[in-house]
Amino acid sequence: MSGDQVLISGEEVAKHNTRESCWIIVHGKVYDVTEFLPEHPGGMKIILKYAGKDATEEYDPIHPPDAITANLPPEKHLGAIDPGTVTQVVREITSAEVERQERHERKPPLDEILNLHDFEAIARAVMPEKGWAYYSSAADDEITHRENHLAYHRIWFRPRILRDVTAVDWSTTILGQKSSMPVYITATALGKLGHPDGELNLTRAAGKAGVIQMIPTLASCSFDELVDAALEGQTQFMQLYVNKDRAITKRIVQHAEKRGIKGLFITVDAPQLGRREKDMRMKFEDAGSAVQREAGEEVNKNEGAARAISSFIDPGLCWKDIPWFQSITKMPIILKGVQCWEDAVMAAEAGLQGVVLSNHGGRQLDFARSGIEILVEVVSALRERNLFPNPNFQLFVDGGVRRATDVLKAVALGATAVGIGRPFIYSYSAYGQDGVERAIRILNDEFEMNMRLIGAPTIKDVVPSMVDASSIGIHVSNVPEDRLYHANYESMQRSELRNGPLSKL
Amino acid sequence: MSGDQVLISGEEVAKHNTRESCWIIVHGKVYDVTEFLPEHPGGMKIILKYAGKDATEEYDPIHPPDAITANLPPEKHLGAIDPGTVTQVVREITSAEVERQERHERKPPLDEILNLHDFEAIARAVMPEKGWAYYSSAADDEITHRENHLAYHRIWFRPRILRDVTAVDWSTTILGQKSSMPVYITATALGKLGHPDGELNLTRAAGKAGVIQMIPTLASCSFDELVDAALEGQTQFMQLYVNKDRAITKRIVQHAEKRGIKGLFITVDAPQLGRREKDMRMKFEDAGSAVQREAGEEVNKNEGAARAISSFIDPGLCWKDIPWFQSITKMPIILKGVQCWEDAVMAAEAGLQGVVLSNHGGRQLDFARSGIEILVEVVSALRERNLFPNPNFQLFVDGGVRRATDVLKAVALGATAVGIGRPFIYSYSAYGQDGVERAIRILNDEFEMNMRLIGAPTIKDVVPSMVDASSIGIHVSNVPEDRLYHANYESMQRSELRNGPLSKL
Amino acid sequence: MSGDQVLISGEEVAKHNTRESCWIIVHGKVYDVTEFLPEHPGGMKIILKYAGKDATEEYDPIHPPDAITANLPPEKHLGAIDPGTVTQVVREITSAEVERQERHERKPPLDEILNLHDFEAIARAVMPEKGWAYYSSAADDEITHRENHLAYHRIWFRPRILRDVTAVDWSTTILGQKSSMPVYITATALGKLGHPDGELNLTRAAGKAGVIQMIPTLASCSFDELVDAALEGQTQFMQLYVNKDRAITKRIVQHAEKRGIKGLFITVDAPQLGRREKDMRMKFEDAGSAVQREAGEEVNKNEGAARAISSFIDPGLCWKDIPWFQSITKMPIILKGVQCWEDAVMAAEAGLQGVVLSNHGGRQLDFARSGIEILVEVVSALRERNLFPNPNFQLFVDGGVRRATDVLKAVALGATAVGIGRPFIYSYSAYGQDGVERAIRILNDEFEMNMRLIGAPTIKDVVPSMVDASSIGIHVSNVPEDRLYHANYESMQRSELRNGPLSKL
Amino acid sequence: MSGDQVLISGEEVAKHNTRESCWIIVHGKVYDVTEFLPEHPGGMKIILKYAGKDATEEYDPIHPPDAITANLPPEKHLGAIDPGTVTQVVREITSAEVERQERHERKPPLDEILNLHDFEAIARAVMPEKGWAYYSSAADDEITHRENHLAYHRIWFRPRILRDVTAVDWSTTILGQKSSMPVYITATALGKLGHPDGELNLTRAAGKAGVIQMIPTLASCSFDELVDAALEGQTQFMQLYVNKDRAITKRIVQHAEKRGIKGLFITVDAPQLGRREKDMRMKFEDAGSAVQREAGEEVNKNEGAARAISSFIDPGLCWKDIPWFQSITKMPIILKGVQCWEDAVMAAEAGLQGVVLSNHGGRQLDFARSGIEILVEVVSALRERNLFPNPNFQLFVDGGVRRATDVLKAVALGATAVGIGRPFIYSYSAYGQDGVERAIRILNDEFEMNMRLIGAPTIKDVVPSMVDASSIGIHVSNVPEDRLYHANYESMQRSELRNGPLSKL
C-alpha cells in the first residue's frame, strides 16, 4: 500500500492532532483518519483523544487486528513511524486500576474454584471494568439474558436407578467431529478485553481437553493466530458475521475451509448489533468530564463497543443467500440464532446441517425466548415432519448454561451439544488458560457425577423421558406485592438464644 | 359578565378573608367564592389559605384555565383588581425546594438518558413533589398500575430470521392519519405540575417528530393554546370527559372539530375519579401542622388533586348517549377505557371507530386488567364475529409501556397503536421539550433495532405468530414464604478473594 | 352459692398464696382455686402469680365474664372480700409500656387514615403487645393467614362501561336482615385486649352505620352487655362454640333467640383451638426469667391465650347434632368454617340457612385454602345440584379482606356478604369506637367508587362475568433462587444525577 | 491380624511422620498408611497432619468404626501402641470454638422450642461448624434441597367438618410393624459430627416414643451399638449402601437380619456420593493457610466428607442384583431413592416390599424432583396397573418435612409413612436425646391438632380428597425483575405516627 515505505517522524504526526487534521499511530503505522472521524462507529471523540499520538493500546482489544487497514482507503495509510521519535501515551494508572490489581493478587487458588459461577465472581472482581461491562451486558432490561439461565430451572429430572454406571462416558460427536463432552466453546467477541492473550486461552485449553472451539469473526486475535495455535487434529468451528461486501465474506469462508475449519456457523440473529445499556453507561464514564462533553461535540451514537465494531454486518442477509453459501464451501453450514420452529424447519428443508437455537446470549432482542425453550418446540415440529432425529441436521442451544445438569437437560430434549460462552471468557479473564482448563475439568467432574445419578452410562442413554419440561413455556410474573399488607405483616420469629440473637449468623 | 368593568382595590379584597366572606384574586380578577367554599372539591381549607389574596400561583397548575369562570355564577365575578394595590403572596422557599433546585442543576446531560425509565428516575429527583405525587400515584394498592407494565413481561417474542431488514419502516396510519410510529401521546391531566409550559412541551415535540398528541380535557394549558402551537398539518386528537351539562360538552366537541381535531376519545372508565392514596397523603403534609388541623374544620374529603378537578364529570353517561355524540360531530369517535370484549363488541356494533383498551393508567379501579391482556380477548371475540381486522374499527391500548418491544407486542396482537402517557410527562418534567424529543428519538432507535431483530421490515409484518402470549392471563402469587424455613437456610456462598470479600462489589 | 354471704378479709386471703392453698380475688369475690390449678388451660403459674391477691385486672380481658363461676364448683366460691382490706396489685409500668403510651399520643388524626391497612399499622404501634400477639397470630407458619389476603389478588375485574352509575347502592339483605353493605363484623375473641371497651366499640359503631355485628362466644364483654348496647332495630348475629355440656349450649342459644339475635353461626372449624406460635412465644417472655422457669415447675402446655379459653369446646360435635339445634331454635342456622364443596352441599341438604366459607382467619389449620377459593368450587357444586342461587341458603366468606374490591369480588362470585374481623378490632384498638366508624366510612367510600367503576348500580348487578377468577386455584412457588447466579448478576443501573446518586430517594 | 501382638512405642511411631513413611495411631493401634495415602478419599494432607501421631479424635466422627481395618491390608496393621509412650495431640481451642461453647450455654430451654424449625436454628448456632456444613449441605446449587420443602407448599387441604374427633389416633403400621405415627427416623451419616453420642440419641428417643429408626450404613456408631441400645420390642430398619465386594454386603445383611432388623432399605440414588459445595468450601478453610497450600501438594479432590467415606459403594449395582438380595434375606426389601413411576412399577413387579420416593435430601442430583411430587405420579401409575393400594408394596417419601401437616399430605396422597432426617439430627445436635424426644412430642401435638382439623379420626380417614395437589407439578420461575422499572416505582407508604415513623417496629 502507498505510504508503506515512508518513515514518518513523531513530531510530524503530533502536528495532526485536531478535528481538521487527525493522524494516529497503530502498530507502528501512521494513518490519516480525518475523513473517517464522522464514520467511526465508536464516535469521533475517542479517536480525537489520540489525535497525533500512538493509539495502539486502546485500539487493540476493541478491534479485529485488520480493522483499520480494511476500513481505511489505501491512500490514508501514510507510512511507518520512525521508531524512537514518538512518545508513548503514558496511561495514567488510576486508583481504581491500582485497587483492581491489588484484588488480582488476592485471587483464591484455582483449586478453590468449585463451579463455573465462581469464575464469574472472581472475574468481576479482578478484570478491567471495560471488559466486564462488555461481556456481562445484554439487551435492554436484560430480561432475556437472565431468562436464559432461569429457563433451565423449569426443567426437572426423572432419573433412572439400578443401571450399571460403573463406567460413564459423556463424549460425543458434533457435526462428525469427536468431542470429549456435549459442549463446545461458542464464539464471543473482543477476547482481549479480559486477558492479553484473548481467545488464544480458549484454543490452547480446548486443544488439551478435546473440546471444540468456535472462532468468532470479532475475535481480538486474528483468525490465523487461533488456527495456528491449535494442536494437530484439534477441531475448530468458525462463527461468521456476513459482510455487506460478499467478496470479503467469500474470502473469509474459503480461507477458513482451507485452514481446516470443520463447521461454519452463520449468525442470523444480529442484522444490527444490540443496544447494551450497561456497556453504554460505561462509555459515558470514560468520556471525560461532563463539562468537556457539553462544551464539545454531541456524542450522538455512543452506543458501546458492540455498535463500534459491527457496522460491516449485512442486515440484508436472507434466505436466498443460502444457496450461495452452499456453493462456496463444503463445510457444514449451521444457522446460529434460530428462534422458532418455523425457521428451523426452513433450515432443514434448505439442506443445512443444523441450527443453533440461541438469542445471542440475551444481547440482541429482549424478550426473545431461551434456546432451551425453543428446542422443545423445534424438536416437536421436526418430529412431526420426520426430520428428527437426523444426524445430518443437528440441533444446538446456547445461553445461560452453568452446570453439566443444564447440558444434560438440553441433550435429553434433543440437542447434540450446547455452546458455552461467557463462563469460559470469565475463566480466562480471571486465571488465563489455567482457568479454562479448570472450567473444563469441573464440567467433566459434573458430567461424571450426573450421568451416574440420572442412570445414563452414555450420551445416547440421555433420553427425553429423563426430564420433565412441562413448565418450560410458562412465563409468569407474580401479581405485584401489596406493600401495605406486607408492611403490616409481622414475620414469624424463630427461637433465639437467651439474652440475645443467634449471634453467629 | 357583571363586574368585569369594576376596578377593585387590594385593600378591599383583603377584608374578605374569612369563611363568612371570602374573596380571591385569580389572573387579575376578583371572585367572591364564599358560597362556593363547601362545594370546592379540593376542600375549603385550601381556598381559605388565599382568602383576601391572590391565588393565581396555586390555582394555575391545578385548574383548567377556565375552571373558575365556568363554575362560578356570573354575579360572583366581582371585577378586575386594581393593579399595584395587591401584595403578592410571597412563597417561602422551603429547604426541600432549595434541595430540589440543587438537584435540578445536577441533571445528567440528555445524551446520557438511554431509555424511558431514565426520564422517570431523573424527574422523580428534580420535579416538584406535588407533581410527582399526582403523576405517579394510582388507585388503592397500585396493583393494576404495576400490572400494566408487568403484563408485557408475560409476552415473549418469536422472531424470524434471514429476512432483508436493511430498510425498516415503523410508520403507520392511525384513524386515517399518518404517524411516524405506532405510538401516540395519550392524555394526562395537569401538565404544569411538572413544567411551567405544561402540555405545550408535548405539542411542540410531537409536531417535530410526526407523532400524534391527544389533548386532555384537564390540561393545564387551554385547548386553544395547544392547537395553536401545532405545526401545519400536525395531527391532534382530543380526550373528552363528558360534562353533566351536555351543552358544554357539545360546545367543546364542535369547537374541537372546527379546530381540526382528528379523533374524539371519550373517556368511559372514569364516572368518578379515583382515590389515589399516594396523592392524598401528599395533601396531608401540605395541610399545615396537625395542631392547626385539629383545631380547625374537619378536612372531610381531602382526596387529592384528582377529585378536586373532576366534579363536573357525568357518572350517568351511558350507551344511549352514543348516537347523540355521533349526531354532533363527524370526527371518529373512540371509547377510551374499554375493559372486556363484551363492551368492545358493543362499540363496534354501535358504529364507533375504535376503542382504547385501558384502565386509565391504573388510576381508577385496582385489579382492573391491563390493556394488553384485554386486547387478546377482544381480538378473539371480534374475529369470531368477523369484526377484525377492520380498518374502520381500530384497537388501541395504553398503560405500562416503556420500550418499543412493548409496542411491538401490542401491534403483533392486533393493536393499531399504543398510547404512552407518564413517560412523556416525566421526560418534560425533567428536560422540557428537549426531553420529549429525546424520548421519541430513543423510541425510534429501539424501533429500528427491534424491527430488524424480529424480522419485520414494516409494521404490517408484525404479526400474531411473532409473539407467544399464552401466559398473559395467568395471575399468580407465590405461596407465602415459609419464614422460619428460610431463616434457617444458609445460602450458597460464592468464591471470595483471599483475606476478605470481593470488595469491589 | 355457698360462701356468697361471707365477708372475707384481705389478710385471710393473703395467707393462701401457695400451690398447696391458693385463693384469689376476682371482681370482689374470693375463690379457692387450689384444686383447679392443674386444670387451668393457661397453666398454673399465671394463677400462682396472683395467689392470695386480687387477679381481676389480669382476669378481665382474657376470660368471658362468667368463666370463673361457670368452671369452679360452688363450694369453692368462698364469699365476698371485705372491701378496704385488700391491697391492689400495683402493676409496674414497664419502660416498654411507657413508650407504648408515648406512641399512643403520637397517633395521626383519624382523617389521615385512608384505608383498613392504616388501622393495622397504627394499632400495631400503639396497642398492648399481648393483644397484638393474640389478634395477629395464626396457625403454624401462617401460610394460610397470608394466603387469605393473597387469594384475592388472583382475581381480576372485568368492568363494564357506559352504564348510568349516577346513583349507586351497595346495601343488601343478609339472612333477611337489611345491611348497609355486603359486609358484617365477624366474631373475634377477647376484645378487651385491644381496648377497655372491647366489643362494645363494634356494637355502637355498627348500630350507627347499619352494619350487622356477630357476637362472639368468647367476647370479653358479656353477651347481654353487647345486646343491651344495640340500638332499636339493630341486627346482631351470634357465633357459637358448642359446649360439651349441651345444656349450657341450649341455654345460651335460647337466651340469644329471646334477646332478638337474628342468626346463629355455629363454628365448625375449631374442634380444638389452634397452635399460634407467635402468641406462644409472647407467653414465654411473660413467664419470668429463665432461671425462675428452670427452677420451678415444668411449663408443659403454655400454648397462648387460645388454648387457655377453649377447653370447653366439644370436639365430638358432628352432623347428627344438627337436627337438635334445629329443634331448639327458630333462628337461621349457619355453619361457620366450611372448607370444601362436599360439606357445603351437606349443609344445604340438611336444611340449614347457609355456610361461612372460612378457615378461621388462618388461625386453625395451616394450608387450609382461602374462603374465596372455596367459594368458587362451592358455587359450582351447588349450581350443578340446582341449589344455587337460593335465597334460603346463603354463602358467606371471611378472611383476608381489606378493600371494598375484595368484597365485590366475593359478591360477584356468589357470596351474599363477607365477614371482616381483624381490621375492625385494629380500628378500635387504635381509635376506639371512632376508629370503627371511620373504617366503615372508608369502606362506604370505596364501595361508592368501585361500584361505579365496575359499572354496577346495585349489588344485584355485581355478577360472575365481572371477574376473572381463572387463576384462583393455582398455588405455585417459584423454583428456589440460584443464589450464586444472582450474586454474580450485576443489576441494571439507572441514570444518576451528576456527582452522586439521586440523593432524594 | 499380623501385628496385633506387638507393642510399639510412641517414639517409634513419631519417626514415621513423612509422606515417605507415615504411621498413625487410631484407638490404640498403629497403622502404616504410607501406601494408602494417595487413595485416601479425603486427601492425603489430612492424614499427614497426624503422621506419627494419634489421629483418633479426628478419625472418630468421620469414619465408621471399622473403616480403617476394613480398608487397610492386614500387613499394615502394625500392632498396639505402648500406652503411656505417646503424647496426645493437644487440640488448640480456637476462639471460634470458645464462642460456640458460649453460645451453647445460652440455648433456650427445651420447652421454648415450638417446632422442628427451632431445632435447626439452635443447632446452627451451637453445633460444630464442620457438622453443620456436612448436615446442611446439598448438591450443586441446592435447588432440589429447597424444593423438597417447598413442594409441600403447593399442596393444600380440603378439610372435612362435623366429624367426631374427640379421639384421634395417628398410629399406623409400617412394613407390618407398629409405629406411633406415620413417620420414621431416616438414615443419615456421621452422627457424631453433631453430638458425641451420635445416632444413639435417636435409638434411645425412638424406643421411648414407639418410633422406628432406620440405621445408616455410614453411622458414626457401630451397627451393633445401635441395636444393643434398642428396647425390647423396639423396631429398627437398616439402610444399606451396597459394597463392591458382595461378600461384605452379604455379611452385613445377614448379620442385620439375625439382630432383628425388620426392613432393608437399599439406597439406589447414590452410585457416587454428591458434590456438596458448602461442605467442600468448609474443607478449604480447614486446610491451613493459602501459602502452605500453594507451597505443598495439589489438593486435587478435596470434595468434603461425603466423598471421603463412600468410595466402597458400588456404582455397578443394578436390577439383576435384586434376586440375589432376595435370596440372602427374608427381611422386607425396599428401594430407597426411586424417582419416577417407571422404576416404582419395576420394583413392584420385582416382588419388592416398597420404595422410598426420595432424592437423598437434595444431596445427590440437583433438579431431581421432590418425593412428594413423585408420589403423585407413582400412585397414579400403580393404580392403573392395580398395584395400589397394596399392603405388600408400600410407598414412603422423605425430604423437606417439617410439620405434621406435611406428613398428612403425603399420607393423603398414598404414602404409608414419611422419613424425617435432618430435623432429628438437628434436635440432638442442639439438645441430645432430650431434643429428639421433644421433637417427637411436638410432632405428636401437631398430629393431634391437625387430625382434628382435617376431620380424620384415624390415619385411614386421611384420604386423597382431603388434599388439592393439582399444582404439584408446576415448576415456575418469575420472569426476571425489570430492575429499572422497580427502582423507579415509589412504594405505597403506610400511615405513620406524628413526628416520626412507627418507631417500635
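The letters A, B, C and D name the chains in turn, as written, and every chain counts its residues from 1.
Criterion: a contact is a pair of C-beta atoms (placed from the backbone, for glycine too) under 8 Å apart; a residue touches a chain by one contact, two chains touch by 3 or more.
The chain list, named the UniProt way, goes like this: A, B, C, D = L-lactate dehydrogenase (cytochrome).
Keep in mind that what you see is a predicted model, and the values were worked out from it rather than measured.
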Equivalent interface positions on chain B and chain C, same or different at half: different
Rotation angle (°) superposing Cα atoms of chain A on chain D, nearest 5: 90
Inter-chain centre distance, chain A versus chain D - centres from mean C-alpha coordinates, in Å: 42
Rounded Å distance, chain A centre to chain B centre (Cα mean): 42
Set of chain D residues in contact with two or more other chains: 108, 112, 114-115, 117-118, 121, 124, 141-143, 146, 150, 153-154, 277, 281, 290, 474-479, 482-485, 487-488, 492, 494, 498
For the chain B and chain D complex, residues of the former touching the latter: 115, 117-118, 120-121, 124, 132, 136, 141-142, 146, 149-150, 153-154, 277-278, 281, 290, 402, 476, 479, 482, 484-485, 487-490, 492-493, 498
Chain A-touching residues of chain D, taken from the complex the two chains share: 99-100, 103, 106-108, 112-114, 117-118, 121-122, 124-125, 140-141, 143, 268-269, 271-272, 274-275, 277, 280-281, 284, 290, 293-294, 298-300, 302, 314-319, 321-322, 335, 337-340, 342-343, 364-369, 473-480, 482-485, 491-492, 494
Of all residues in chain A, those that touch chain D in their complex: 108-109, 111-112, 114-115, 141-143, 146-147, 150-151, 153-166, 403, 405, 409, 445-446, 448-450, 452-454, 465, 468, 470-471, 474-478, 483-484, 487-488, 494-500, 502-505
